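Pasting the structures in now, so scroll down.
Below, subunit A partners subunit B and then partners subunit C, in two separate complexes.
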Partner chain A sequence: MNYDSIVYLISASILVSAFYIQGQRYIMSMIRGQLVQSVLIAVASFLLAYLESSTDLLILGLLILILRGVLITYMLETRMPSRKSYVFEEGVNVPYLFLVDLVFIVIAVFIIYSIIFSSLVPISQPGNSSTLLFPLLLFFQGLFLITSRRSTFTQIVGYVEEENGLVLLAIFLLPVPIIIEASVFLDVLALVVISSVITVEKATHERMEELRG
Partner chain B sequence: MLTLILETAVQFIFVILSAPLFAGIFARFKARVESRRGPSIFQPYYDIFKLLKKETLVPDGSSILFRYVPYVAFGVYCLIALIIPVLIPVPIIFTASADFLGGAILFSFAAFLKMAAAMDSGSNLAAMGVSRLASFNFLGEGALITVFIAVSLITGTDNPYTTNQYLVSNPSANITLVHVFATLAFFMIFLYETGKIPLESSGLQELGMIDESLNYEYSGRLLAVNKWSSYIKQYLLGSVLLNVFLFPWGLFSTSPYFLLDIPVMIGKWLLLIFIVMIIETTLAKVRLFKILDYLAVAFTFSILFLLLSEVMH
Partner chain C sequence: MTPGTLISILLLLVPGIASIFYFRNIRMATVAAAALDEILSVLLFWIMPPQGFFFVDRTTDVFIFMITSIYLLSSIYSLRYISDRNATGLKQPTYYLLLNLFAVSMLFSAQINNYGLMWVGIEATTISSALLIMTEKSEESLEATWRYIIIVSAGVTFAFISIILIYYSFGTLTVSTILSAGRTNTLFVRVAVSIALIGFGTKVGVFPVHTWLPDAHSEAPSPVSAMFSGVLLPTALYVLYRIFQIDPITSLFIWFGTISIVAASLFLGYQARYKRMFAYSTMENMNLALIGIATMNPLGIVGALYLLISHSFSKAGAFYSSGSVLRSTGTKDVANVKGIAKKMPITSAALLMSSLGVSGTPPFGTFFGEILILYSMVLVNAVPEFIIVVIFLVFAFVGINLNVSRMIFGSPGDNSEPGRLMPAVSLVASIVPLAIGAFFMVVNNAIL
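Let's look at the complex of A and B:
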């Protein structure tokens, strides 16, 4: 059995799920996409825990499943206004978003590949440093999701996606740095508090509107 | 040498003559699924013969382009039929004239000629359809060419015959990530190029028509030639999908056995028709401006996995 290709398959599915989220108009499908992405990351963590016989990764996978898969999805769904299946964001131009996202990815691949990989130590099992590409691509896609949309829920999903990128990076690096495990908790805490506050206040945040005098 | 000539002749004649048959089988099967009796599977032939006997009307003010482009486009599709593995899995006489990208560019060339001729008719409805086609094709053609580049990266060559041989001899190459997603992207392009239902419903309805608008002003013999060449185009794209992407096995190349390729190819086409029929009968047509979203997804898949194929080496 070639575990290398399975790791690649899961990583590529995570990337595709990021594109899925980017292309959605309805908030609920975006939240569901985030759920799928988190579950995929948990699966990657379980697979590597099995390959490396590492308890750390097993615990991390469980944490991702509970905190990101269940808690954040539940929290975001309860914050949605009534008739939540119909809440959507206007002015989403999918071809434009996809093309810009692709340009980002192509540039990011070149930069990451040529600069960063010389200094990072990759995980031993996948045998190839290119798995480290996927967390960084996910991170950039999260950033782009935040900048390209105005709905608060979308921006929270983008934030979660960025965090997913960090967690994926932590999974692919061995040993798992304790700081990232801790930050998972802190992020979830901050996310729950902050998003509870800002979604109650208003549902869309325009560019720079809070900073204008 | 005799085998080579025979193979060339068999492939050429089979493609030209059988292309309308698959459209007929598809229409019949679809009708059966929808609990209709449906037309005979030879209906496309009857249509072509009927149109050949009818009077040809040419719009006032149209130029020589309008009258001769159907024949030129037909010739281009006939040329493509000789250079890609649509029936015989080994190179035949004219194969060396172009590679995969050459085939893609010939497809684009024929599409461009047809668009220019439709514009030449001066009809408003044809112009509307052409403008739609032009604005969709920038993503469609891009994805088509990128898919071919992705395939050539897998095998290291741009020759479709080599790709076919490689996939037959390395079964594991058929389930690599890059190949699966290139197949998916090419299948999406196939549905778009042949005007299947999530994108375009056949029939002359002005609201959603894209490809049909190219035939809008044609009649008689010219319409027959145009229809025939779109059947050939559908056969060519579908056979590339089957032989290079989806199901490369089962074709014979040695001397007396290459005639067996004909039933094999028909069997493969029945598989493809079945898949497309499921899609056509379960999905609803998307709105016109959503087609760009669809093509953007196909383009994204092709670029993404072009990139990944390089990264994973």
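Let's look at the complex of A and C:
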């Protein structure tokens, strides 16, 4: 198997993990899906670090593994009480959402890719920008997960997935300086910590009369 | 290290040092830190740091002065407003700790000479301010906190694509290097600037990504609402301005600003709760400032700065007096607050002046800012947008002042002023825009 095939295989696996998360109603399965996704992105970073002999990508991979893979997963799992509403998200029509999701992300990604991303030159595969489709799909998949679900935990996972899409975009296109990337990771981690405070108080989000208009 | 660099560093360190007093009188330490930061921000007008780690010019100075001023007023106002009885969601020391971090994150975003770290700073403002919304821990404040976290984070994350594209185009993220390279008009840069409008626009209050704004402003405690409205949104606008400078897409920004003003004025018109009404007024003013900046005309930019600085004090005054009204009447509904003028004269005066200020009444500074922006719109041939904006500014003016008049005048109720400190801070904040207006008139007479 050549290098291109490995990149595509990892990218496709990341996308599968995103669709797996979208198809779940069990919160714990979503959190584990996010863990697998983060590990796969770390593997992509390690692979490119090896091929490009880049220390930055190596450090980036380690950061993804530690901060996204381990810390965020641990934090989400430990903050989850045993109440049913946290464990299982009720009132979710998974097949219907899947359909809407596919239509939404295919249209969004097609438009954005054809306008701008098709002419970018990624470091991972110069001359072939099609790998950039995967981060875009992941980004919009995360965005859709946030908008389509009402559970606090699911929306946090959606946010992390959206961020994963951007990390993958930076890995494939051009990694931004590691000091900035590290700051971004810490920001996201802090945001997840802050969000987890809300999870204890408020499991789901509905319309409220006081907040209308 | 130059004196200017030292001042910039101290601006960031001082609120942090105040947080060390977490276990012992952090309230007064916060006020002292805010006062010291205010002095440092004034010094920065004369002693600026050289370009390097920081990027500070005259525009930045104005934003830093705004941030430190509202930080100082809010920390003083909090002394009375935030008590153990009503701060059930956060402990008092935690409230002041987060208030300090919130100020630091804004000062960092405004001074730093790197687009990537600006993004980090803006995201840090969300982290430090989110929990402040749920200080009073009602069901609504929890929901508003969550909406703020998830909507703003999702939007600002989108802006990171813009940062990646800037890095891809220039090979650096240093603000001074990129801006000194001159205007760059490539497809990638244009897309980066457009994405920034939506991404950072989420925090500025650009339609349709503004939806967190009325919820967070109405449910946060008043001193925090004042910080949000008076300085958080302008800080996000400042970052957007720095990205816009790379490749100004004037027409796109002016149209987005115009549509947002229309939306804000319409929403504002039917608000039944006064804090939400002021939140939509913030959206209207921020987008007018966005238009001023987007004209890239010196008059428009100066107008935007006049508008922003006057608005920050006026809106802080509006939220402080709203806080006093809320403490006294226990309701956020306009319909349930009547005739407060007799029993709450200072709060009423502050509320009236603030509402006149935020709606751009002469001779408040906001009025002169608006005039300069509208004039610069004509100069760049944005005539259809100019007509639409003028119509909806009038609409917003009537909406705000009608509601505030209903609250102030009429048969007196049995409310009373909530002590002396809160009304006094409200009054000070609402008078400053008058001084700014007077300053504008004096300066222009001198020029003429």
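FYI, the second predicted complex is superposed on the first by the 183 of 213 C-alpha atoms of A that agree within 3 Å, B and C clash if a C-alpha of one lies under 4 Å from a C-alpha of the other, contacts with A are read in each partner's own complex, and residues count from 1 in each chain.
Basically, a residue touches a chain if its C-beta (ideal position, glycine included) is under 8 Å from a C-beta of that chain, and two chains touch if they have at least 3 such contacts.
None of these values were measured; they are calculated from a predicted model.
Student: Quick one: classify A:94 as touching subunit B (first), subunit C (second), both or neither.
Tutor: first
Student: Have a look at where A:19 lands relative to subunit B and subunit C in the superposition and call it first, second, both or neither.
Tutor: first
Student: Thinking of the overlay built on chain A, is A:198 touched by subunit B (first), by subunit C (second), by both, or by neither?
Tutor: second
Student: Quick one: is A:105 in contact with subunit B, with subunit C, with both, or with neither? Answer first, second, both or neither.
Tutor: It touches subunit B, and subunit C stays clear.
Student: May I ask you to decide whether A:113 touches subunit B, subunit C, both, or neither, giving the answer as first, second, both or neither?
Tutor: After superposing on A, A:113 lies in contact with subunit B but is clear of subunit C.
Student: Does the superposition put A:169 against subunit B (first), subunit C (second), both, or neither?
Tutor: second
Student: Which chain makes contact with more of the residues of subunit A, subunit B or else subunit C?
Tutor: Higher number of touched subunit A residues: C.
Student: Once the structures are superposed on A, label A:50 by its partner contacts, choosing first (subunit B), second (subunit C), both or neither.
Tutor: After superposition on chain A, A:50 lies in contact with neither partner.
Student: Of the two partner chains, subunit B (first) and subunit C (second), which one does A:183 touch, if any: first, second, both, or neither?
Tutor: So A:183 only meets subunit C here.
Student: In the complex formed with subunit A, which residues of subunit C make contact?
Tutor: These residues of subunit C touch subunit A: 114, 116-117, 119-120, 123-124, 126-127, 130-131, 134, 137, 139-140, 142-147, 149-150, 153-154, 157, 160-161, 163-164, 167-168, 173, 187-188, 191, 214-215, 218-219, 267, 270-273, 276.
Student: With touch defined as at the start, can you tell me which subunit B residues reach subunit A in the complex?
Tutor: Within the complex, subunit B contacts subunit A at residues 139, 176-177, 181, 292-293, 295-297, 299-300, 303-305, 307-308, 311-312.
Student: Taking the touch rule as given, give the residues of subunit A at its contact with subunit C in the complex, in rising order.
Tutor: 115-116, 119-120, 139, 143, 146, 152, 155, 159, 162-163, 166, 169-170, 173-174, 176-177, 180, 183-184, 187-188, 190-191, 194-195, 197-198, 201-202, 205, 208, 210-211, 213
Student: Across the complex, what residues on subunit A touch subunit B?
Tutor: 5, 8-9, 12, 15-16, 19, 23, 94-95, 98-99, 101-102, 105-106, 109, 113, 128, 130, 133
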